[in-house]
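Going by the order they are written in, the chains are A, B and C; count residues from 1 in each one.
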């Protein structure tokens, strides 16, 4: 860890002003950043503490949706009365992640910025990681990739996004509000994270110097018929092998609209667009669960060691969808 | 004000002065290290060109106000252990993966290894050394003892801080991954399964889990 | 009432819950410095150049020790004699033999500076092609000269012929992966020199072994080395050896003339401090139609480093568990460019019982026999290899008791026949076993002038409850309540005791403490009888006892006085008994000594999602006298938790390209968390193995893990019909597509 300069601005403008150089990082909970700094992956020289910018509120939006400040802790978001009542899917996703201690620290803004847990990325001893050292290659492509992507990867990177929250945000069609030197932007969640392509070193469409200020959730229509399912190698406190978020807007016994998202399968939280679209207008009893699940993974292609993830993801979609449909 | 050698070589004198001011209060009641806090460590032989940035931070630990001057890189865990000599706080992985370093900050349990000391200006911090009152173990500490909720004891400070905070979370009816129907449930039924899930951020390699659950169950039922 | 056997709360427990217990990295010393290890990033080759200038220039950095400037050590530094002495990496040359090998140490004023300095050490390697792939290296497998607990090969009868002509056969290969101990307390050491004397505050399972290893490697006299380790935050085998970091701290401290604390980071522990090696076990079983075994072949290949042989003795269990006239067992090693493996909780028995006990389950299926019945039909009433009788063996009672508590009679034997809703339920069982070990041990017991007692023994408490059971044993022998007894262990200046490994500390130390305490008590009684001022003056020795801190006449209750009174009249000097206990040669010649158990598991499997939960484990053990019902139960449970981890998740994954451990952290190296452990029910049968040990106690630290992975794998088969012979059993293996 390099010697650090630390500052604690008290408003967004001051924070943005403090974040001018490349080796300046915003720090919220620090749960991912400090981990990576200790590992030598992130080489911050200046930290700007964004915990005192007044971004720690959850508010009802005028359209009936909710705005979650970027500095809200995962625990507080999960337990907020409005989130629990209107977006239980999001609460579920938060609570499936990490541990109580980490959820108490981690902010929702930081959760959006969570970096992959690929072993080759988090350990600087490996030479070949395009995400860490652009142009150096991808050790996982031919090496250990049992936990890696099955959708949307490139030869440059097969890593997956580790977040649970992100998966729920995709199912809830969230929008990310950011503020930068050139003003504010609204980024739909599906456009916030990137596929690796030729530039896996870039995780998101956030630009350097921009700060996430809040997450907007549109007015909830999928409260009851929603479900988050996480599959992992131990009972708790582990990253997902595969996770699924399903949010259904049901009118009587018919699906009005559906959004299915997957975690643990791609470089970004994966929106299963075709599977979601196939559900629109379907009567509750007319759903071909297996067919929808198959659609969700029809773009999937296994790497050398992760073939199991395709049937696992398919079965997980089927289960989560069924649970969401059948919820009373 | 205890500080370590962020810039050994030129601020040693200040450390003597500051250490003398705060030293006694800091270490009262904890296992005193072999050297006293006020002691000067020898300065570095050669002076490097650039000083490491240091920051002052004030927080309250186990009821005592502390003023620290720390290397900005210093984690809360290292500040508690190395500067305040609260060695009950344990380093197990230093990466938020085991829970041994769990302390309670402003009423919330956190991993002290993944946060910087300078980020906690004005905070109220409780470590395992602060769970007892008037030297008497808390109900949870007694229950861990009675139910043999540990073997080697290394994860125990973290388990105890975690469990102490857990009971508060239950009082606040905070949800967990096991909460059924999260939109409608308003009260926590602290079943064994709930305790297990809520304590899963604290690894015990000796495998004392069933005893830890028993200790928490007993304490929860009596308070 | 005897203290031994009671569920006494740990005597060191209050300090532990109050956060007062100090472990190695909690010690401080005047002018202490911080060390940070630099480890290799290649698996084989040489250091071509090493540039320490930037690190050395860093403010606060005091020393960067590399092979270019490290003190040269005597040839004895290269020797290995496990457990204490190992072949280490002590910066004596430029060679790199595994990824993660220590190649430099940075010493600085602060932890942050030391870590930063380590990042600035620039090393260029001349890499060579390492041997990492186990399958490719198998053709080079060789027989090591020895195992830590027996011969590499042992056979009797004619297993090949018996197998060829047998009615029922089973032949399969079982594998267990590389696993890492991951005690919660990372390895840590602080070296403090005072002239030519070295004091080491270390986290070690063996203060004497560490002392001797340090002395030998540094070329100094053992009596110049003092190792202090009163509390250890878990060891499980990896702290049974003095690894490189201990010596490097001592070398650096001598060089800079200041104390050095070297606390390893979790990620640094995957290589230089041992691990359980991967095993491949080929088992062939043959039986008559009535289920009597006629042949067993058990051939093991495990991995070791390129510079020290250490073999996982998985087939040793096959030499003692079942009666069979034709048996062959072999152990071979494959050298890989990895660190040297080491003892890890039940080395040999944990991996061996997995293979053997799953194979037995498969044979039971082939014979259409209940798995307990198959085991009873092959019950060994004497040790098969040696023909010696067992000192004590109550395995049938274990099967019966555990089966009854588990409800085994309600099992429907057909696979996929038990369900709970959509979930498949499986029940499986296995035998647990671990040898009874003990070694020569000395102890001192002092009765103080105030009537309290001090027990001193150079053993260790690694969470096992040693402090507590020694207090209990001394309490009974002295006739003094445990609250008035202080126990000191974990210091090499105390009377010598063996490593806390091989489940032998209790069996080794308790008779020594008992003997020392009896001596001290007898001296006290003799003083009282001889003292004209004592109410016990002239009473026959056979009529005197001690109880609750009093010396009393058995026949006349009025004749009594407190310990302190006897000592006060004699000038207030404490009296001291010195005990020594060792196993007799005759005992070893005449008897086979092992602990046994039966373990049953219930699993619940959500097949489409590949998710498994171990709902219940029931175990009953025959381990001789149980010295403390509370701590013993905890230790059995702890072993079972390890078994669950081994069955379901533990796997140190090595990158085939670089030889580096991929999951070198606790986020990706999974050990069980609280949510994984649902219901563990342990019990023990009454036992008192007087042949083995005067207290009748065999060790219990390791038997708990044995059998558990097999019981779970057998339950998985019962639930799903899928026979999984490779650990760990992860969702990808369980998933039904």
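Just so it is clear, a residue touches a chain if its C-beta (ideal position, glycine included) is under 8 Å from a C-beta of that chain, and two chains touch if they have at least 3 such contacts.
None of these values were measured; they are calculated from a predicted model.
Peer 1: Relative to the centroid of every protein C-alpha atom displayed, which chain's own C-alpha centroid is closest?
Peer 2: Going by the distance between chain centres and the overall C-alpha centre, it is C.
Peer 1: For the chain pair with the highest number of C-beta contact pairs, give its two chain identifiers.
Peer 2: B-C
Peer 1: Could you tell me the distance, in whole angstrom, between the mean C-alpha positions of subunit A and subunit B?
Peer 2: Measuring from centre to centre gives 29 Å for this pair.
Peer 1: Centroid of subunit A to centroid of subunit C, CA atoms only: how many Å?
Peer 2: Between these chains, centre-to-centre, one finds 41 Å.
Peer 1: Where in subunit C do residues touch two or more of the other chains?
Peer 2: 112, 116, 267, 665, 667, 672-675
Peer 1: Residues touching two or more other chains, restricted to subunit B: which are they?
Peer 2: 50, 52, 71, 73, 94-95, 196-197, 200-202
Peer 1: For subunit A, jot down the residues that touch at least 2 other chains.
Peer 2: 1-3, 38, 235-237
Peer 1: Residue numbers of subunit C touching subunit A in their complex, please.
Peer 2: 41, 99, 112, 115-116, 119, 267, 608-611, 613, 648-649, 653, 655-658, 660, 662-665, 667-668, 670, 672-676, 730-732, 735, 737
Peer 1: Which part of subunit B faces subunit C closely enough to touch in the complex?
Peer 2: Touching subunit C from subunit B are residues 4-9, 30-31, 33-35, 39, 41-42, 44-48, 50-52, 71, 73-74, 78, 81-82, 85-95, 97-98, 100, 127-129, 131-132, 137, 141-142, 144-146, 148, 150-157, 160, 193, 195-197, 199-213.
Peer 1: Residue numbers of subunit C touching subunit B in their complex, please.
Peer 2: Those in contact with subunit B are residues 9-10, 12-14, 16-23, 25-32, 57-62, 109-113, 116, 182-186, 231-234, 236, 258, 263, 265-267, 462-465, 630-631, 633-635, 637-642, 665-667, 671-675, 677-680.
Peer 1: Across the complex, what residues on subunit B touch subunit A?
Peer 2: 50, 52-53, 55, 71-73, 75, 94-96, 99, 102, 108-111, 114-116, 118-119, 121, 162, 165-166, 169, 172, 174-177, 179, 181-183, 196-198, 200-202
Peer 1: Give every residue of subunit A touching subunit C within the complex, in rising order.
Peer 2: Where subunit A meets subunit C, its residues are 1-3, 38-40, 117, 119-120, 122-123, 125-126, 139, 142-144, 146, 229, 231-239, 241, 308, 311-312, 315-316, 318-319.
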